[in-house]
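Chain nomenclature is as follows: A, B, C and D, assigned in order of appearance, with residue numbering initiated at 1 for each chain independently.
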Amino acid sequence: MRRETILNTLLYLAMPVAAALALALDEPFLITLITRAAIFALAAVGLNLALGLGGLVSLGHAAFFGIGGYAMGILAHHAQTYTPVIDSWIVLEGTKSMPVIWLVAIVSSALAALAIGALSLRTSGVYFIMITLAFGQMFYYFAISWPAYGGEDGLSIYVRNDFPGLNTLDPMQFFALVFAILSAVLWWMGRLARAPFGLALSAARQNAERVETVGLGPFRLRLVAFVISGAVTGLAGALFADLNRFVSPTMFSWQMSGEFIVFIVLGGVGRLFGPVAGAMLFVLLEHLLSPVSDFWLIYVGAILLLVVLFARGGLIGSLAGREVAHG
Amino acid sequence: MKMKSLVAAACMALAGTAALADGHGGKLKVGMITTLSGGGAGLGIDVRDGFLLAAKGSDMLDIVIEDDQQKPDIAVQLADKMIQSEKVDVLTGIIWSNLAMAVVPSATAQGKFYLSPNAGPSALAGQGCSPLYFNVAWQNDAFYEAGGLWANDNDIEKVFLMAPNYPAGIDGMTGFKRTFEGEIVNEVYTKLGQTDYAAEIAQIRASDADTVYFFLPGGMGISFMKQWAGSGVDKNVMGPAFSFDQGILGAIGEAALGVKNTAHWAKDLDVPGNAEFVQAFQDEYGRLPSLYAAQGYDTALLLMSAMGKADVNDQDAFQAALKEADFQSVRGDFAFADNHHPIQDIYMREVVKEGDVVTNKIIGVAASDHSDVYGAECKM
Amino acid sequence: MTPILLIEQVLNGLQSGITLFLMAAGLTLIFGVMGLINLAHGSLYMVGAFAAAAVAGWTGSFVLALGAALAAAAAAGMIIEMVVIRRLYDRDHLDQVLATFALILIFSEGTRWVFGSFPLYLDVPAALSGPVTLPGGILYPSYRLLIIVIGLLIALGLFQLIARTRIGIQIRAGESDREMIAALGVDISRLYTIVFALGAALAGLAGALVGAIQSVQVGMGEPVLILAFVVIVIGGIGSIKGALVGALLVGLTDTLGGVLLPLLFGLFMDPSSATTIGSALASMSIYILMALVLLFRPTGLYGGA
Amino acid sequence: MAEPMLHVDGLQKAFGALQATDGVTLTLMPGEIHALIGPNGAGKSTLIKQIAGGLAPDAGRIWFDGREVTALGTPARARAGLGRTFQISSLAMEATVLQNAVLGAMGRAGSAWRFLRPVMRDAELVEQAQAALQRVGLTDHAATRTAELSHGQRRLLEVAVALTLQPKAFVMDEPMAGLGASGSKRMTSFLDGLRREAPILLVEHDMDAVFALADRISVLVYGKIIATGTADDIRADPQVRTAYLGEEDAA
């Protein structure tokens, strides 16, 4: 086994093992913390498809995270107050069922990604970064000033939504659910990178002309990647909202988009488990540093700067060697 | 109400995991979640310092303090941590309404007391009220309603309203309109975080209003007041205290002179204990206390007063003890209405210059024994 | 709405556009010459404002405060260029985004550590504190007029600097062909430091000018940074002219959108929902403008192919 | 006479005041190698880009395999059967040699829209890719990272990727560059055989190769074709001698 494979296995197992330990020690909050890391990892795994494989540095993925969150918030809010979501020629009821909410979150964030991607992917490089950032802000301001769903106050959902056969309010069971989703998405992303689509997308990142010359359109490849990427991040948003039983416009903030990129780079760009390692490390830092000082974000900034400047390849790169896996 | 049963279900489900909290031996464990970093840190730091000042020298309280970074998701996470891991008895500290809405319902559903030292969203005063939730500051509308009442009594007829386009802003203006009997010539809702008010000031200048009534928290209010002073428009300016508190006046300077603002406290308020509080705060921290510091101080006093009467593990008894509000508030007379929100006097303050310091001075009472209008919807 | 009010609003739009230009010019210059995307540009704006507030508080002189803002921002710019940014030129944009994101955290929390969490006091000088009467009887704050004038002068100066001076020739050479300037015998690392410091100084000046009529507080730079990005995307990256046109467009759209959209919706809606919906749309107006420009000119109005 | 496989008619392209392509008309007939030569800066690369679809002409039309492709982009022309190699290697450098070839095979099958099965386990695609690698002699390097290939090997890989597409015509931009004497010779004989499969529009600086291979030669100077004919015609053309070969002789 290659070192990266061993490391990935360890990282993958770290979460359920830590959660089980926390359960044994009766520290349910630690399970919540691990769940949070797993959800952030999922969001960043989504972004990593566009960023790592496709080379599309999106600084606006918080838009999809937020849309996923609001899909949960709006549906559950209506179910909670027994009012229909739409009540005109068609009547649409709210729901507390997680699978339905997930589906809505995935579809709506995919549609948003389609629209944003179709516009942004006409450009590349720095333009793309700035434009995705600007579109993210657009959603942020809209969410704040649109009064119907709480505006800046956000929406509180008093109890977690339902999943058949589970008590989702139990931290361990909710973690298991999130972990199962993360595992499924990781599995798929691993396959995707090696599937024809993954090869073409990665080739388009390395050399767009090459891909065109064999008859494939880089724009469409990137757009599809962006849409899948947005949908996965949207699903993470719905889970995050359920974790907190709360959704607010901060999910749309550009700092959120920045943090997703931070997870990927901390862990290692272009590696399947990079976002997982990065999200775990970030949540750990946040947990350990914030009690140390009111100005703990300075340390986070410094660590980040050192990683970017001197530890290229991130955590996994430093531990498993620089070579990025292929095939 | 169906909501109630949902909350009850949540309570039962979470109670299973949030292990029993007891055995502190006369001590009470307080979890304070407040904003200590980022742009809004000034408010959280004052609440914390006021609270710690009151608790100083007493060994009754075991206080855990965490920074929510003004982010709702962090606040929720910290609340989970304090309830599940730290096993606190009482939560407090949150500054912002949106964070309070994220934390309070689930904290009370998990059987924890929550004492609000600042935010008072209407939902928690009305339908969403809880026996375990006590607001020691104000319901969000209080200062605005008092502003409207004061305007009625002081020959103010035509008012131009302005607030950021977000719930606290819209609620505030609604509160003013609830009591004000004159004419509202225009209402403008600006972008949250807006820093340039030239366009709004031009609109105000062009209107025939005699008074501008606005709520612009933090930096927004600072920007507006500086630009207002430069515009040369001559109209009365009124607002709630949030835009004119000590920390903010320092940044606005003389541009704020003459502005009227409503508050339940001022450092010159002549009630027992207030002068001592102001002095002690200055001695301890080397700065003037703000309204937030006063609220933090009162919150700790209230908590310690209840501890003398009941054990926190006896929820009904402790709740009754809190409800009595048997403590010497630096605001003077203080009582809880049935929805556990304050009944208190709201004063009108004017910004004046004392020596080199721009500060507030009380000029009258805007509303006596004021309480909020949402209590009727509260069924507990 | 009266014509006078409309003219006043147009002036307001111009003034906000001009301040945006000061931010965007530095950003676009730095990108054009070094190919670097700098998220920490907003932090330099904040540094300028804090330096001005500190010096104004100390000396009471607004002119000294502006000088301090320029000097502090330029110095901060030079330091981060030499310590951090310089290592990023041959990195991809992702690394640049990350490293400058880290710089924002360090600058913001560092400033809070030094100056505390409350906003600082900085006011316009007494001589400029009132309004002036413009032709047509328009009352307009004299300080805002000053900002418009200073901004236009700086724009003019920048165009001259780039068109006429030696350093301008080097900058233009650097934009078109990086290897060429090395071949010309120019000390590239010195040129880069100078350009970065120049961009930083412009941002610092903008921060100080605006800080006098807004709030000098931690985090004041990021909203402006994002607006400056929108400006650059609209104007075309690397083009100073594009930055000027884009900044004015954004300034006018933002100001007039906020005033006119609620009025527009008021024509066919009840006043309170017109206000909320109009305001909600107004907050998105510049992004819609950006999307429209992109549809027709993906590289911005003055961007190269 | 048979229909031309590629027909370019009256192509115009200007960059500002510079007329890079000035009324170019040329054909590529089935089974032939048509070489395009000209001094540096004559506009060969600009012309090739327009033919391949990467650059839109200002005026003029292009037919390929009997249908007009002027308005189509590079991918569409590639799918129509136009195989292209680049002057400067244009490959996915981090991918392996085999992966680059498989990418070509995917293009031919039009099958990028599959999201689950690993592409390297698709026997048919891999087989096509291996076959192409074998024809250019890169089989031993199939698992090598492309960035580690020599310049000459990259040229061969370019050709192999074009082969996987099984195109109806090739457009090759200096396939001999950087190959060295023996490599050049091997490439020459390879291309010689390839013309039976599909005609080749060949841009090349190596005059020995051009004169050895080309059925027809067109000479491009300042964006204009000043002569078209067999190798002997071109050698004899006085205009060409002064404009182009004259320089070569002097050198």
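Convention: contacts are C-beta pairs under 8 Å (C-beta built on N, C-alpha and C of every residue); 3 or more make two chains touch, one makes a residue touch a chain.
From a predicted model like this one, the values you see are computed outputs, not experimental measurements.
In terms of the distance between Cα centroids, chain D is separated most widely from B.
The central chain here, found by comparing per-chain C-alpha centres with the mean of all protein C-alpha atoms, is A. Chain B and chain D have CA centres that are 74 Å apart.
Centre-to-centre separation between chain B and chain C, using Cα means, comes to 35 Å.
Computed from the mean C-alpha positions, the centre of chain C lies at a distance of 48 Å from the centre of chain D. In chain A, the residues that reach two or more other chains under the touch definition are 141, 144-145, 147, 295, 297.
Each of the following residues of chain C touches two or more other chains: 108-109, 112, 276, 279-280, 283. Annotation for chain D: no residues touch 2 or more other chains. The full set of touching chain pairs reads A-B, A-C, A-D, B-C. Looking at the complex, you find that chain C touches chain B at residues 2, 4-5, 8-9, 12, 15-16, 108-109, 112, 116-124, 128-131, 139, 141-144, 210, 212-220, 223, 255, 258-259, 262, 271-272, 275-276, 279-280, 282-283.
Of all residues in chain C, only 31, 37, 84, 87, 93-95, 97-99, 101-106, 108-110, 112-113, 222, 226, 229-230, 232-233, 237, 276, 279-280, 283-284, 287-288, 290-291, 294-295, 298-300 touch chain A in the complex they form.
Of all the residues in chain A, the ones that touch chain D in their complex are 188, 191-192, 194-200, 202-203, 206-207, 209-217, 221, 224, 324, 326-327.
Those residues of chain D that touch chain A in the complex are listed here as 52-54, 73-76, 78-79, 84, 86, 90-96, 99-100, 102-104, 106-108, 110-120, 122, 125, 145, 161-162, 164-165.
Looking at the complex, you find that chain B touches chain A at residues 2-3, 6-7, 9-10, 13-14, 16-19, 36-37, 41, 66-67, 71-73, 76-77, 80-81, 83-85, 97-98, 101-102, 105-106, 109, 121, 165-168, 170, 189, 191-192.
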